[in-house]
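Just below sit the structures, each encoded as C-alpha cells.
The same chain A turns up in both complexes below, where it pairs with chain B and then with chain C.
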Partner chain A sequence: MLLEVGTLTTAYQGLVAISDISLSIEKGEIVVVAGANGAGKSTLLKSIAGLAHPRAGTIAFEGARIEGIAGHRITALGIAYVPENRRLFPRLSVADNLSLGSYLFRKRADRDAPLENVFALFPRLRERLRQRAGTLSGGEQQMLAIGRALMTRPKLLMLDEPSQGIMPRLVDEIFAAVQAIRATGVTVLLVEQRLAESLEIADRAYVLQTGRVILSGTAAAVREDPNIREAYLGI
Partner chain B sequence: MPHGEAATAESFRSARVRRFLVAALVFAALALSPLAIRSVYLQNVLVLTLLYAAVSQSWNILGGYCGQISLGHGLYFGIGAYATSVLFVTWGILPWGGMIVGGVLAVAVALLIGYPCFRLQGHYFAIATLVIAQSGLVLMQNWDFVGAARGIQWPFGPDSWWTLQFARAKTPYIEVSLALLVASWLATVLIGESRWGYWWRAVKDDALAAESLGVEVFRSKMAAAGVSAFFTAVGGGVYAAFLAYIDPDAVMSFRFSLLFALPAVLGGIGTPWGPLVGAAVLVPLGEFSRSYLGGSGSGLDLVIYGALVMAVALARPQGLLSLVPRRRAAP
Partner chain C sequence: MTATALLQVFASGLMTGLIYGLVASGLSLIFGLMEVVNFAHGEFLMLAMFATFGLVVFTGIDPGLLAPLVAAAMFVFGAAVYALVIRFAMRVETNRGMVQIFATFGLSILMQGAAQYLFSPDYRSIRTSWLGERTLHVGGVFLPWPLLFGGLVSIATFGGLYLVMTRTAFGKALEATREDQGAVALVGIDCNRMFALGWGLGAALVGLAGAVLAVFYYVFPGVGASFSLIAYVTVALGGFGSVFGALAAGIVVGLVEAFTAVVLPPELKSLGIYALYLVIVFLRPAGLFGKF
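Take a look at the complex of A and B:
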C-alpha cells in the first residue's frame, strides 16, 4: 500500500470538514475522490499534504506515519500537491515556477532531470519558458501547476480540481496527461467534480458527502451505482 | 534559472552582466560625487541619503522580497548604534568591531521576534515588530548603564579611520555609507538569484503553494529577517559614529522604522534599485523642507512624505522605478 489514511478527522476552528475518512491507494493506481462542493475533498488532500492539521486519525505513506509532519517535508518524502485554482507565482516566469519545484534537490543535475519529462507531457511549456506565469491561459496555467509539482519528483501526485475553469478541449488534454503521468510510474490521487470523465481514467473511486465517505469501489462499480448515476452522472 | 535552451541562458547571462555593469557605474559615480559636491550641507544630505538607502535596502530584503512587513527596523538600527557606542566609549573597542557585534545582536533579536510570529499568518508580524520596537525604545530611555535618556557622547579625538571619527570631513562617512549600500545591494542581488531568493518570492506570493513545493516557509522568513536585521544594525553603527552622540530618540524612534520602509515602498518594493531611488527623493526632500520651511520636529517633512507616498500608491503602486521602461522578461 502506497498511502493509507485511517479514520482521519480534520477541523477548521471547530468546524469539522472531514470525519473518519479511511482510504487507501496502491502504487500505480489512479484514484478519484468525488463529491459536491464542501464535501471535504480539498481538506482531505491538504491534510495528506501537511497543509491542514488533522485532529485525529492516521496517514501512512510507504508504511511510515506522516500525519502532523510539516508540509515541506512531506513534499520531500514524495507527495506532491497541486492546489485548487493552481496557485502559481504569477510574477515569476514559467522557468522560475518550475525551478521552485526542484529546489528540494541540492544537485543541479537532480533539479534539471524531471524537466524533459515535463516538456514531453506539456510541450507548450517549453515555448513559454520566459513568459510570466500570470500571462498564460487557464489551461496552460494548469499544465504549469502540474509540471511544477512533477519537478519535485513525486511518487504520489495529488491534483485538486485540475479541470476547473478550463476550456473543454484542454480538459481532455489534462486528463490524457494524468494517464501519461501514471504511465511513468507516478500514482495519482485526483479530486474532481467532473465525475464521468474522471471515472473513465480512474481505477477506483471514493465519493464523499459532508465530510464522510458514502461510497467506494472500482470505477466501474461506482459508475453503475444507481444513486451515483442519478446524482452525479445525470443518467 | 533558465533551463536547457542555450539562447535563453545566453540572454540571461548578458542581462546579468549588464545589471552588474550598471551597478558598478552608479556606485563609482556616487563614490566620486564628493569631488563635485563641495558644500558641507549637501555632503551631509548625501551621507543621510546613502545611509537610508542602505538600511532601506536591508528592510527590502525582508519586506520586499520575502513579503514580511516590519514596522520596527528602528529597533535593529538602535541596537547597532548602541552596541557600537557602548563598546567604543566603555571599552575602547573600535566601531568596526562594534558594528559587527551590533549586527549579531540584532540578528538574535530578529530571530527571537520571528520565532513565534512567523508561524502565524496575517498581520501579527507587522504588529509585533511595531510593539517590540516601542518597548525597546522605552527600555533604552530608562536603562542607566547605556545612559538612559541622556544618551552617550562619543569622546572627542583626532580624525581617524580607526575610530571613524572626523570632526569636519563628511567624505569618509559618504564612502562608508556607500560601502554599506553596496554590501546590502550585493547581498540582495546575489541571494535574490539563489535558491533562497526564489523561496522568498514564493513565500511572499503564496506561502501555501510554496510549502506544497517543499519550500521551508518558516526558515525562509527567519533567514530573511536575520540578513535584514544584520545590515540594518551595521547601518545604526555607522550612524552613531557619524553623529558621535546618540540617545534613544535620536537612533531608534518610530520615525526611523517608518523612514526605512518608505524609500523601498516609494522607489519600488522588492526591486534592487527601489530603495536608493526612494531615498534619493525622500531624504533630500525632508532635509530641504526642514531647512527652508523651518521646524525640525514640526513633522512637516513627514506630512510631505505621506502625501508623496499616497500619490505614488495611487498613480504607480509598483513604485517610481516602474516608470523606467523595462526590457522584456527581465529576470
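Take a look at the complex of A and C:
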C-alpha cells in the first residue's frame, strides 16, 4: 500500500470538514475522489499534503506515519500536491517555476531528467519558458502547476480539480496527461467534479458527501451505482 | 557656483547616497520577503558599528578588512532575531501587524538600552583606520577615502546581491517565498528557513553598512536613529520591498541632501529629503520603482 488514510478527521476553525475518512491507494493506481462542493475533497488532499492539520486519524505513506508533518517535508518524502488554485509563482518565469520544483535536488541529472519528462508531456511549456507564469492561459497554468509538481519527482501526485477553469479542448489534454503520468510509474490521486471523464481513466473511486465516504469501489462499480448515475452522471 | 564645486557636491552626494542605499537595502529586503517593517533596523546598524569598533579595538585590524566578519556576525544575529522574536510575532492570530510593529519597536528600545548600559552613551570613533585621514584628489574634486570606500562596498554588495538573487537556487527560493510564502512548501522549501535566511541576509547587509560607517562616523547607542529615518524614507521612495529600488532611492536621497546643503544652511540639509519624500508620496505612493 502506497498511501493509507485511516479514520481521518480534520476541522477548520472549529468546523469539521472531513470526518472518519479511510482510504487507501496502491502503487501505480489512479484513484478518483469525487463529491459535490464542500464535501471535503480539498481538505482531504490538504491534510495528506501537510497543509491542514488533522484532528484525529492516521496517514501512512510507504508504511510510515506522516500525519502532522510539515508540508515541505511531505513534498520531500515524495508526495506532490497541485492545489485547486494552482499556487504558481506568477511573477516568475515558466522556467523559474519549473526549476523551483527541483529545488530539493542538487545533482544536475535529478533536475534535467524530470524536465525532459515534463516537456514531453506538455510541449507548449517549452515554448513559453521565458514568459511569466501569471501571463499564461488557464490551461497552460494548470500544465505548469502539474509540471512543477512532477519536478519534485513524486511517487504520489495529488491533483485538485485540474479541469477547473480550463477550455474544454485542454481538459482532454489534461486527462490524457494524467494517464501518461501514471504510465511513468507515478501514482495519482485525483479530485474531480467531472466524474464521468475521471472514471474513464481511474482504477478506483471514492465518493464523499459532507465530509464522509458514502461510496467506494472500482471505477466500473461506481459508474454503475444507481445513485451515482442519477446524482452525478445524469443518466 | 563653479563647475568644480558642483562636481564636488555631486561626487560626495553620490557616495553618501550609495551608503544610504546599502543601509536601506536590508530593511527593504525583509519587508519585501514577509511584509514586516523592522523598526529595530537602525539598532541593527548601531550594533554593527559597535561590533566594528570593538573588533578594531581588540584586534587592531583595519575596519575596512573587518567588514565581511561583521556582516557574517550580523547574519547570525539577524537569523536569531527571526527565530527568537519575529517567528512568534507572526504566529499570533489577531492584530498581527500591530504585534509585529511593537515586537520590532520593543527590540529597538531593548538594543538601545543595552548599548547604553554596556557601552555608555558616549560618542566614540575609530582613529586607527588606514583609510582614516586620506583623501582622493581628482580634477579639483576631493573625496575622503572612507566615503569612497563606503560607496565602493555598496556597489560591490549590490552587484553580489544581484547575482545571488538571479543566478542561485537560494535567490530563486527567496523570490518564490516573497511571491507566495504558502506555496513554497509545494516544492519542498521550508518558508520558516527562508525567513530566517532573509533576516540573516538583511542584517548582514546593514552590517556591511555599519562597518563602512564606523570608519568615519561617530559610534554611539543612539546612532541608529539618524540613519534609520533616512532608511525609511529611502525604502518608501524606492518602493517598499524593492531592494534595487532602495539603491536608486539611496542615491537620490544622497544627492538631494548634498545639494540642499548648498542652498540652505547645513543644519537644514535633511529638509530637501523630506520635501522630496512628501512629493513622491503624493505623486507616486508606491515609490519610484515597483517591486524588485
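Remarks
By definition in this document, the second predicted complex is superposed on the first by the 235 of 235 C-alpha atoms of A that agree within 3 Å, B and C clash if a C-alpha of one lies under 4 Å from a C-alpha of the other, contacts with A are read in each partner's own complex, and residues count from 1 in each chain.
The rule we apply is simple: a contact is a pair of C-beta atoms (placed from the backbone, for glycine too) under 8 Å apart; a residue touches a chain by one contact, two chains touch by 3 or more.
Keep in mind that this is a model prediction, so the values were computed, not measured.
Following the overlay on chain A, a clash is recorded for the pair chain B and chain C.
Which of chain B and chain C touches more residues of chain A is settled by the count: it is B. In the superposition on chain A, A:93 contacts chain B only, with no contact to chain C.
By the touch criterion stated above, A:112 is placed in contact with chain B alone, chain C being left untouched. By the document's definition of touching, neither partner reaches A:189: not chain B, not chain C. In the overlay built on the shared chain, the residue A:219 is in contact with neither chain B nor chain C.
Contact with chain B, but none with chain C, is seen for A:132 once the two complexes are overlaid on the shared chain. Put simply, chain A uses residues 49-51, 70-72, 75-76, 80-83, 87-92, 96, 99-101, 103-104, 148-149, 151-152 to touch chain B in one complex and chain C in the other. Contact residues of chain C toward chain A in the complex are 169, 172-173, 175-176, 179-180, 182-191, 291.
Against chain B, in their complex, chain A makes its touches with residues 49-51, 70-72, 75-76, 80-83, 87-93, 95-96, 98-101, 103-104, 112, 115, 126, 129-132, 148-149, 151-152. Residue ranges on chain B touching chain A, taken from their complex, read 1-5, 8, 195, 198-199, 201-202, 205-206, 208-217, 329, 331. In the complex of the two chains, the chain A residues touching chain C come out as 49-51, 70-72, 74-76, 80-83, 87-92, 96, 99-101, 103-104, 148-149, 151-152.
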